[in-house]
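Two complexes are shown next, each including subunit A; its partner changes from subunit B in the first to subunit C in the second.
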Partner chain A sequence: MIGYIAHKEMREMRRDGRFQVAAGIVMTLLVVSVAIGWEQYVTVSRQHEQARAETREQWLTQGKKNPHSAAHYGVYAFKPKSPLSLVDRGADPYTGVAVWLEAHKQNEFKYKPARDANTLARFGDLTASSVMQLLIPLLIILMSFSAFAGEKEQGTLRLLLSMGVAREKLAIGKALGIAGGLGTLLVPAAVMGSAALMLGSEEGAFSANLPRLAWMTASYLLYFAAFIGLSLTVSAMARTGRLALVCLLGFWIFNGLAAPRLMSDVSRTIYRTPSSFAFAREMESELKKEQSEEALKRKVMAQYKVEKMEDLPVNFQGIALQASEEHGNEVYDRLYGQLWDTFEAQNRLQQQGAVVAPLLAMRSVSMGLSGTDFAQFRDFSVAAEQYRRQLIEVLNDDITKAGKQEGPHLGDERLWAKAPPFVYEAPGVGRVLSQQCWSLSLLAVWATSGAALAGWAATRRLRAE
Partner chain B sequence: MISTIVKQEWRLLQADRTLGAVVLLMGLLVGYSLYNGSAWVGFQRETLAGAEAEQSKRLAKLKQDLEDFEAGRKEPKGFQDPRSAGAIGGVTAAPHVAMPPAPLATLAIGQSDLYPYYFKLNPRSKQAILANDEIENPTNLLAGRFDLAFVLIYLFPLLILALGYNMVASEREQGTLLLALSQPVTMGQLVAGKVLLRGGLLLGLVVAFTLAGALVTGVDLGSGTVWLRLGLWIAMMTLYAGFWFGLAVLVNSWQSSSATNALTLAGCWLGLVLVAPSVANLLATSLYPVPSRVEMVQAMRRAGKEAQLKGSTLLAKYMEDHPELMPEGEKTQPDFASITYAVQMEVDKQVQPVLDQFDRQVTRQQEFADRFRFISPAILAQSAMNDLAGTSLGRYQHFSRQVDGFFEEWRAYFLPKIFQKTKLKAADLESFPRYSFREEEDAAITGRVGVVLAGMAAFSSVVLMVGFGRIKSARAAG
Partner chain C sequence: MLQAIGLTKTYGTQTALHPLDLEVKPGEIFCLLGANGAGKTTTINLFLNFIEPSGGRALINGRDVAEYPLETKKEIAYIPEQVSLYRNLTGMENLEYFATLANGRELGRAKLMEYLREVDLPAGAEDRKVSGYSKGMRQKIVIAMAMAKQAKALLLDEPTSGLDPKASNEFSRLIGRLAGQGTAVLMATHDLFRAKEDGSRVGIMRQGKLRQVLNTDEFGHADLERIYLEHMHD
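Entry: the complex of A and B
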């Protein structure tokens, strides 16, 4: 029986010109966006790979110079693009792509791609994720708003019920029909996306990203299920198809357009972001609280058990540089930590906003699994900063150990090579899932309550008038 | 005749609950969005005031210190002589440059959360200007802001369509259309009356709400430029609303049911407001890709490397080129500040062509992308609103040019003093170059907005003309 109903729904959909057009457009957008995303990923990865090799080369061949000059010369770190960014570019356009790692300073990431774009970019990227988060729910609404309401209006519902069709079977059949219709669209798209991912990623990267892809598929299915359940509920409860459509479209606009902006305002009001002026002021005053050179000298002399600075077996300059470096590191850890915690608190609140708008949870999960959310940007920033500290310490140690010697102390390629190249590994899927647990559970709640509501509405509230 | 229709329609609309709901919703949306915009502008003003206060305090202290040194009340000490031009021009007197919010900034947040609107000038390196950024959570940048421009571009058309989707269709369905047309009135007049009333009502409300909101949030209505901008804003809104009403008339002329009309119009809205801009963005970025910043960084490094390597020999070379800067009675005795500046200037000289080329490419890309604005009235509206509110890329570039100019001026003042190792006096403070933001000329804004208005006018007039042309010959019964 259920199969019969589902079959009828799908056949009806296939014959509906409006559905065909809408589905055709959505499908085209999905294919185009994945293709472009793939192209961008390949290009950008190649550029970053080249730049990474070149910055290392420059570092190694910088010639003989004082190690501290080398520290000021520094290296650049480039944020790698994650393979799944072809599905969801997430916050990538709004985070810088390169950071200069130099002595004394934790620099900000520079060159946000969005700053080089123009007004167009702020309307939003066309990516597979935006199609799936915004357009497919709309398609679901169009497919299902008349599922019950339409049968009511046409009087066929009375006929169906009089034939003894169980209401729950009717509901399940309708849901399966819609899901089936959606499946004819999404399965080819998913296969194509996976193929693009496989072709685009380096060896091993694809299998490493498979768990992320699987979780992502599962969460999008939950998101779609929530919309199917919700649409069927409204369709069963509304007197007319038109009323059902208006209610569902209203919810769609709230979910897709208003809620993300509203929740970002709310989160900003509750967890205030400092201005960069205030942040820089605080940084400056904290950095000034360094211990005096005199105090450090006394400490070092006590440590080496000497009475006079001249008797030190090591070069004090290196020790002083490293001490100031460590004070700075402590300040950077604290202040950037606070700032980034604020961002994460804002993001968490936005995830929790999914109580009223499932898109907020979906967006967060999708960005997280694509590796394009703020948390993973932070992870990379921290790794780059750790590398900077390691690099500078190697150089300062060298200055310290040089002791006293005639003439200027110069480092050469041997010293530069002592600092290993910067290697970054993206966090595993487990970490992402733990960051996204709120969103994932809310998505699950939406899907199950959508199904439960649809079942309840179909059995208790569905009346043939 | 039309006035009679308007009166009749007014009675009908009053009896309908939709109108009340639309007015209430619009009031809430406009109110909230203006509150949001003014909170952001308030935050910007507060930050700028803080920066200004910090700067005057810093300069006052510097003046006091210099006076104390001159009078021998205090001894100068430190890594760099605090009286040296290097220390003063580079650190203690380093000026803040700022672009204060424009008069209508509360109306559209636009790009103002993305581009820095102030920073402390680092006179050592020109490239440092590029590095300045306002702090913002990337997730928030991604979501965008709930400002008046958002309400007007995304939501206002929906209200128009809600009032207009069944203008003719419902009368046809109820059979009252035949009755109305049996009077001495043409279909064109009837529809014009309906559109005029609905359009006048909605626009009147939006304009009234906007003006009231603007007044409450402290827009100075006394100045000419504010009225010019408000006038253009209202003109733009009228054309934008005209476009959506035209679309409603056009769809009503197809003589399908009001349900079909609603779906068709919703589809148009989706296509023009959501899909077209992102497709346009995709086209622009794939046909005219922005050159890679990563490659620019590498090119800058390559160009700068030579200069870095040469280090202090550069200063000697510089002094050979500029003997007039040689400190009197001295052989070239390189000091820290002179070397830093000499190296940095050489780096700048090498890097500048790379930067210039990159900027040219970005500008060209942006110009190409600008053409894609004409794909959808929504993009045109956003672009005009950003320009009028002073939150567009155009105004930011205007600010950048001023900063570049001021950077050169500041450097021209301090560099000779740095190389000559001049010790500055308290009295010199008066002669430091001063920065103040010059607002964009009205003509520049009118020029940019004019193009957009023309495009919008083309959209609206075509749709309105075709719509009214077709509805004249529409049948009165289903």
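Entry: the complex of A and C
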């Protein structure tokens, strides 16, 4: 019976010109966005791979030079592009994807696509995630606002209910019909997206990302289910289709446009971050507070039990450089830690806004599973910084152990090779899920509440009078 | 088959239906006559359990519609004043859909075609979208639904309003045939002529009260009109 109702709903939908046009537009946008995402992913991954190999080659073949000069010569670290970033580019365009690792400095990330964007980018990028988070819910609304309200207006509801059909079966059948209609769009798009992922990914990357893809699919299904449930609820309660449509479009605008901006402003007001100028000034001031060279000399002489600097068995310059590094590291850890903790507090508050707008939960989960959220940017930044510190320590250690020499101390390829290439492994799906636990739970709550409300509205509030 | 026992409906302080006692037996056509707001549609809505009674009981085949809402609906068929079907589906698809919902199983195209032939739907019309159907054709689809459902009772709400005389006559013939097969028919109507022609009994309603019940074979058309107008001008 339920299947029969669903089948009839799908049949009617297929013959409805409005659905055909709306579905055609959404499908085209989805296909184009996946194609654009795929092209970007493949291009950027190739460029990163090439740049990674070149920067390593340059490091190894930089020739003989003082190790500290080599420390300033530095290396680039590239954040690996996750295959699922073709679905959701997340924060990558704003946080950047590459960082220059050199002595003394924890540099900011470079190559932020958002900086290169023109004013049209203010309208947002066309990505598969934006289509699925904004346009598919709009399509669901257009498909379902008249599910019950339209039957009331046309007069078919009285005939339908006089057949002795249980209202809950009717609601489930209609929900499945809408889901089926949606499936005719999404299943081909998902197959196409998976094929693009498989073709574009490096060997093994696709299978490694399958758990993330499965969770992402499940999350989007919960999000869509919430919209189907809500739309059916409103349709069952509204007296006319027009009223149902106005209410649902109002919620769509709140969910997709108002709530994200509102929560962003609220989170920035509650958890204030310093301006980049103020942050840089504080950083500079803190970095200057390192211990004096005289105090360090006294400490080193005491450590090596010598009276004069000339009697030291090691090169003091290496020790001084490492001490300066360690002071800098402490300052970077503290100030960047505070800044990033504030960003995370802002993100957490925005996620809490998902109580009233499911998009906020979906956006967070989507970015998390795509590997493009702030948490994974921070994870990469920390890993890159750890690598920078190890690299500089290897070089400073070499200077220290060189002792006193006639003429300048030079490092060569043997020393450069002591620093292994930077390899970064993104957090596993388990860690992402634990970070996204709140948002995933809220999506599940939205979906079950939507279903329960639709059932309640169909059985208790649907009037055939 | 259809029985109202002290059936009442009030909205706040306003009484839409005063205690109604009524019985429609198998094979009988009972016509409820009355002006707008007389309580005819309220009575039908109560039998359909579309509204809850404020008092009394509506029984279908001995079962209270409020206690057995789904089971009692399986025994009846309903034809509203505005017969609306799914415009994007064909007549056959509409019939298939409603008949399957009513019976809980598919009857098959051949069986449904038999019903469509019985109601004289023009040949070939069954595979056209109902958006192009006249009211008479839509009504034939709904009568075919009642046949497919093998309903023991028919509830008709102003079924002939808006029909041309030929279509109205065809409709009456079909209803008569169903009654002849033992179906109990309760029809709310303004149409005195049809009530006298088709009905076994006529009930005159005014302001929510059933004022008088008449056997149609005991008076002529002119008598019915006179009695009806007397009640309306009380």
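The definition used in the following text is that the second predicted complex is superposed on the first by the 465 of 465 C-alpha atoms of A that agree within 3 Å, B and C clash if a C-alpha of one lies under 4 Å from a C-alpha of the other, contacts with A are read in each partner's own complex, and residues count from 1 in each chain.
Quick note on the criterion: a residue touches a chain if its C-beta (ideal position, glycine included) is under 8 Å from a C-beta of that chain, and two chains touch if they have at least 3 such contacts.
The model shown is predicted, which means the values in this text are computed figures rather than measured ones.
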item: Which superposed partner A:Gln435 touches (first subunit B, second subunit C, both, neither); value: neither
item: Touching partner for A:Ala258 - first (subunit B), second (subunit C), both, neither; value: first
item: Which superposed partner A:Asn315 touches (first subunit B, second subunit C, both, neither); value: neither
item: Subunit B or subunit C, by number of subunit A residues touched; value: B
item: Which superposed partner A:Glu12 touches (first subunit B, second subunit C, both, neither); value: second
item: Contacts of A:Met1 with subunit B and subunit C, given as first, second, both or neither; value: second
item: First (subunit B), second (subunit C), both or neither touched by A:Ser235; value: neither
item: Contacts of A:Gly155 with subunit B and subunit C, given as first, second, both or neither; value: second
item: Residue ranges of subunit C touching subunit A (in the complex, touch as defined); value: 45, 48, 50-51, 69-74, 76-78, 80, 82-89, 93, 97-98, 100-102, 104, 106, 142, 149, 155
item: Residue ranges of subunit A in contact with subunit B within the complex; value: 18, 22, 25, 29, 32-33, 36, 39, 44, 47-48, 50-51, 54-55, 58, 62-63, 65, 69, 73, 76, 78, 90-91, 93-98, 107-108, 110-126, 130, 134-135, 138, 142, 241-242, 245, 249, 253, 257-258, 260-265, 267-268, 273-281, 339, 342-343, 346-347, 350, 373-374, 377
item: Interface residues, subunit A side, partner subunit C - complex; value: 1, 4-5, 8, 11-12, 15-16, 154-156, 158-166, 463-465
item: Residues of subunit B touching subunit A in the complex; value: 36, 43, 47, 50-51, 54, 110-111, 114-116, 118-120, 130-146, 150, 154-155, 158, 259, 262-263, 266-267, 270, 274-275, 277-282, 284-286, 290, 292-298, 301-302, 305, 308-309, 311, 362, 365-366, 369-370, 372-373, 378-379, 382-383, 386, 392-393
